[in-house]
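In structure tokens below, several structures.
Next come two complexes built around chain A: one with chain B, the other with chain C.
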Partner chain A sequence: MVRLLSTSLVVAGLCLVNVSTGLVSTASARELPADPLNSVMWKNMAERFFPGEHVVIDQRVIVDIPIEVEDQMQLPVTVDATELSDVIEIIALADLNPIPHILTVRPLKAQPFIGFRVKVEQSTPIRVGVLTSDGVWHVNGVNVNAAGGGCTAPANAHSNSQWYKTLGQARAITKRETADSARLAMRLRHPMDTGLAPGIPVFYMNQLQVRSATGEALADVELFEPVSENPTLTLKPLVEDGESELLVYARDTEGNEFEYPLTVPAEVDN
Partner chain B sequence: MKINQKMLGAAAVLAVTLSATSNTLADGHAVGIADIVGDQASTDDIVSYGLGPKGQRYSPLASINKENIKNLFPVWSFSFGGEKQRGQESQPLIKDGVMYVTGSYSRMWAVDIATGEELWQYDARLPEGILPCCDVVNRGAAILGDKVFFGTLDAKIVALDAKTGKVVWRKKIADFEAGYSYTAAPLIVPTEAHGPLLLTGNSGGEFGIVGQVDARNPETGELVWTRPVIEGHMGTLNGEESTMTGTKNETWPGDMWKNGGGATWLGGTYDPDTKLAYFGTGNPAPWNSYLRKGDNKWTSSRIAINPENGEIEWGFQTTPHDGWDYDGVNEFVVFDMEKDGKTIKAGATADRNGFFYVLDRTNGDFVSAAPFVKNISWAKGIDENGRPILDPENRPGDPAESADGKKGKSVFAIPSFLGGKNWMPMAYSQDTSLFYIPSNEWGMDIWNEPVTYKKGAAYLGSGFTIKPIFDDYIGSLKAMDPASGEVKWEYKNKAPLWGGVLTTAGGLVFTGTPEGFLKAFDAETGEELWKFQTGTGIVSSPITWEQDGEQWLAIVTGWGGAVPLWGGEVAKVVSYLNQGGSVWTFKIPEQLAAK
Partner chain C sequence: MTSVSRRTLLKLFAGASTCAVCGNVHANRLSYDLAATEIASGTWAVHGKTEYFTLENGGNIVNVAFVEVPDGVVVIDTGPSKRYGEALAALIEKTLPGKPVLRVYNTHHHPDHFLGNQGFDRAVLATSQGVIDNIAAEGDGFTDNMYRLVGDWMRGTSSVAPGKALEAASEDIGGRRFSLSYLNGHTSADLVIRDDETGVVFTGDLAFLNRAPTTPHADIQAWQTSLAQLDQMDRELFLPGHGKIDKSNESLQQTSDYLDWLSSTIKQAASRGYTMNEAMSTAIPARFASLDVVDQEYQRSVVHLYLQMEDELMPIIEPK
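Moving on to the complex of A and B:
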């Protein structure tokens, strides 16, 4: 169950309409907490991405981002929701991107943690919603200052006409962080075209799954256009004792499929 | 500290089918194999290329007829958008009020027919360096179950979810870096052994590729069989080598068969009666015929393939030992011919080489041939066995016999290498028993040069330039009587015709012109009854269907294709034509329908 801290504000379900049953929802059907990021898109983001009755602003959702964006094509973001229990889903958004939805993670048998890099089109909130099994969205975020143009510029890959030959190549680091949890960092080669750069159709890695040696899904990641070129992801799947095998499966919007076998060492190393 | 760091290769590719099959689309039943086989009779949908796998392009609809066609008006026009306007050769498919239409640069749209609004768009992410010889065209899609299928310029075949446009699977047909490409509409045929199969050919005849027909499981994209069309190459069945095509070196010298061409770039037709799939095969490679003495089977041929196992049941070569790029890939239209009181199970094809052939479709036996363009010079005629009677003066000369060995004697040959008829499909009317052939009257200067094969480079060994043979027209739509070989009527068009033909039980023949007109003719007389200016050249095939009690007509527009790329002196009559990729629909407005 969720531990409620005094700093978190729970908005109870005053609304008469239950979104999850598919009935019509209106903006006034529920009260949203004030947006600490003061974004003009808050209401819209909450309606689109945080359905249900309970939305709280929760500092236990740690969103770690450099305040000044050095490279708007590759803004590193770390989301740590390990202070929450029973996390079902993590959604990351960039309110003011032309395509706000960055990714969704379902940590089935993994820590509620994700590291990634995102393209930002302009200064924007980076907002994260964490859904726990009691139906509450725990929302937090950071405002970042950025120069413009991250989503509508062509990927660097296109300066190399042979980019398709290295599509899906990957580097990965795995280590055992605690007795039962690994840290997996990987970078996959993919242009992650948003479809917004002139003449370049949308083309991105849209599914990634971390699986155990027996094929059990440990973490599901849905990626969207704003994820940076050559997606760089950090996940923390739960692992068995002893040296453990993992398999990362990925697929892009063109149906290209990739598989990466990885090994987690037996000894803890943190 | 022990960190396990790895460089990983692109560990492709498991055959994981992520989406389960759902059996229904929006508000109708999903397309089944019986719907495809019976497509011609069902007027409320178009679920195959050619309005039925026989490829007749004949519709039994007669609501729009000679009397009321003057009242035919556009309903909506849908733009293909952006800067990719050129080269729209596609025939749309229609199912449950949705139009599935492909466009140049390997794109596809689903459009709500009632409103003309887009439901989804798919843009293939093409790699740099694709090598389409003859423009960035696509000719159409196939549909089965909850998926639509089409091929892309980088020689891949992709299955999309018909409701969302998302990729279900995508498979490589061949290596685009070796010059392979794909532009035809795939063909779906029934089999007893494997269920429905998705059949594709390949493109790339100018790059020394090898023509092949592949059959795949439409659910997964997995290969079931492959059949290379050049003798000496091995086919496969269920993942294992099956049989060799022909006998190695029977009609090819040395190693020339290895890059022998014969691209199956126009797709195929299917006859539910003989249960055979008919594919045309393209020109041999290189064009310089002195480098490959012999008949060069099966190039410039029609072949009948048994879809159960991928075996070639029969072949008929229209231009043995081709030396003119008579890339005889033209569609083989299945029909029954009444002649001398008998019904012949026939098939007809109007070849690049200028002759219209009728064959017995059960065994490939030659029935008859007649010229459908004027002043043919490369052959004096076709003999009783179907072989051309060559005029040796009109084969371009051997460069080895020239003084410097670099350029053989040039000849003026008719038709030009773009053919008496090119890719654009003809139509056959079950009412008039006539074929309506979109043809062109032109010739070429052609000469041979030395050439050697290099992967991914043009493999021609020829130089050429096209010339009109008449001052006032090149394009010629002809009504051909297959039984007599006589041309019943002709419509002349200034620019070369490059679009397909449709005929209907309303006694009409439709085709588009590069000048931008969609035109309707009286099927009996050839009288022009109606035209509409679409604003850009038409190089695609019209369709007609019934929706909510009304007969609709649609045509894709957008000038392009091979003529502006290869057209020689012909460029004069087409260089002013403007681009503009879109699809237009037409019907007779309600208030005029009764008149």
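Moving on to the complex of A and C:
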């Protein structure tokens, strides 16, 4: 497991220079820091997922992952960006997955923290970008060592022909961790089919929102194909004093909608 | 120089340099150098390192054993690769020249215990139907993963399941009686072999000593039941699957104690809604800190056991 030091490190960028027909052009380039993970996909990932002017490598984005992948269908990842303020968005990527985008979280009224599990197709960087309100992407990650095949194997659900009858069944734990912050751990039954296993079309939970009792969105999660079967998310929404009600709304790519009412106890339990 | 003679010269150089690499570096590096230790009368253990699979150890992390019986030799487990199985067969021939191998048992289907089966005649390989089924289901996947983990040591290795399924409570092999116990817990099928003459019990991976237990197919409750059964056995000593011989019941107690701690620690984390990564950062208690590879095995165990603990401990919630 890697627990990265909480010191900020901004790596001086390399200017990307385009040489063609004798002219030096910097038209499409911006300053990208060198990739500490040495990934061949770094430039491509940054262009696709971290738009804007500023990308920094930042150890304050704590990406907690075991380096040796024991189960390529269920690699656990915990992202803690609570040392950064004004976080707008957290994006998690697996550079070398056939579909690299794992999920995007907008912690609207929540701590910038998420736990999830991901399928990996091969050894790959797992990369996290955190966008703060000043327009800076704070990027960090880990290279993991994995056996192959996590994204192209059929989900376990398909070993049972009646799998769809349990779609959307859920388990959850809610706790109040501090006076105004809860922990929500939730597992939803869904095959999360990537469309890459032979004969099984793409079908996954693509949206999950944690709402307050009044319907205000607290955390917004967009999920993509690499999220593990039976997606298990851990979030830390901010909550009012006293016993608080939450509502989790989820939707999949076939338009199935699910809503789960949850209660956060009044007492702090940490 | 003509083009023909230049080609000849190039070939000559290529041949020379290849030979130098092959002859010295490779041959030295990829030899298991197995050694037999006599642990009881006519009973030898071949102890592996108490590590995890690496490119350096070639998967030699396991205990295998062989027993001299009146008419031949009985072997318990065959190691992680074809190369290991062949080295084991050669070691047996060197230790007991001219004695035929009459029976090879596989205690369970984990790769370090049966991927050396190619070193022996398939007709003498035997285990329970459960182990045979597990090898059929997962053997090829294990083999692929072992190539990834230990590399060229695996060359030529493929998964070979024993053809003979055992059911009897005991059998006579070459003039010696062996008791067979069909237990489970470390995997869904764990075969325990007791030599009725010497009282040596070959536990397979139901027992570990001073090396952290592994749990990829574990049912902890069933495992604890099996450990209690092992403790009831009339025996002279245990040979654990990993670690030194045990003349008391230290390996059983240590394995049981560790499994208890593991199970309660992971339950505690899952019941509090921790992520697997948070659960992995739990400190290992001092009494287990000296177990070899405990940090690595604890993290692997979190992955193995977490989903099942969540099934038990995360309350079901009803949709609106």
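Keep this in mind: the second predicted complex is superposed on the first by the 242 of 270 C-alpha atoms of A that agree within 3 Å, B and C clash if a C-alpha of one lies under 4 Å from a C-alpha of the other, contacts with A are read in each partner's own complex, and residues count from 1 in each chain.
FYI, contacts are C-beta pairs under 8 Å (C-beta built on N, C-alpha and C of every residue); 3 or more make two chains touch, one makes a residue touch a chain.
This one's a predicted model, so the numbers in the text were calculated from it and none came from an experiment.
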Chain B versus chain C as contact partner of A:R187, first or second or both or neither: second
Chain B versus chain C as contact partner of A:I173, first or second or both or neither: both
First (chain B), second (chain C), both or neither touched by A:I91: neither
Contacts of A:I126 with chain B and chain C, given as first, second, both or neither: neither
Which of chain B and chain C A:V61 touches, first, second, both or neither: neither
Which superposed partner A:P265 touches (first chain B, second chain C, both, neither): first
Touching partner for A:D71 - first (chain B), second (chain C), both, neither: second
Set intersection of chain A contacts, chain C complex versus chain B complex: 168-175, 258-262
Complex contact set, residues of chain A against chain B: 161-164, 166-175, 189, 193, 195, 198-203, 207, 249, 251, 253-265, 267, 269
Chain C residues within the chain A interface of the complex: 144-145, 148, 216, 271-278, 280-281, 296, 299-300, 302-304, 306-307, 310-311, 314-320
Contact set on chain A toward chain C in their complex: 1, 3, 64-66, 68, 70-71, 74, 76-78, 115, 117, 147, 168-175, 183-185, 187, 232, 234, 247, 258-262
Chain A partner contacts - residues on chain B that touch it in the complex: 1-14, 16, 18, 82-84, 107, 123-125, 127-129, 158, 166-170
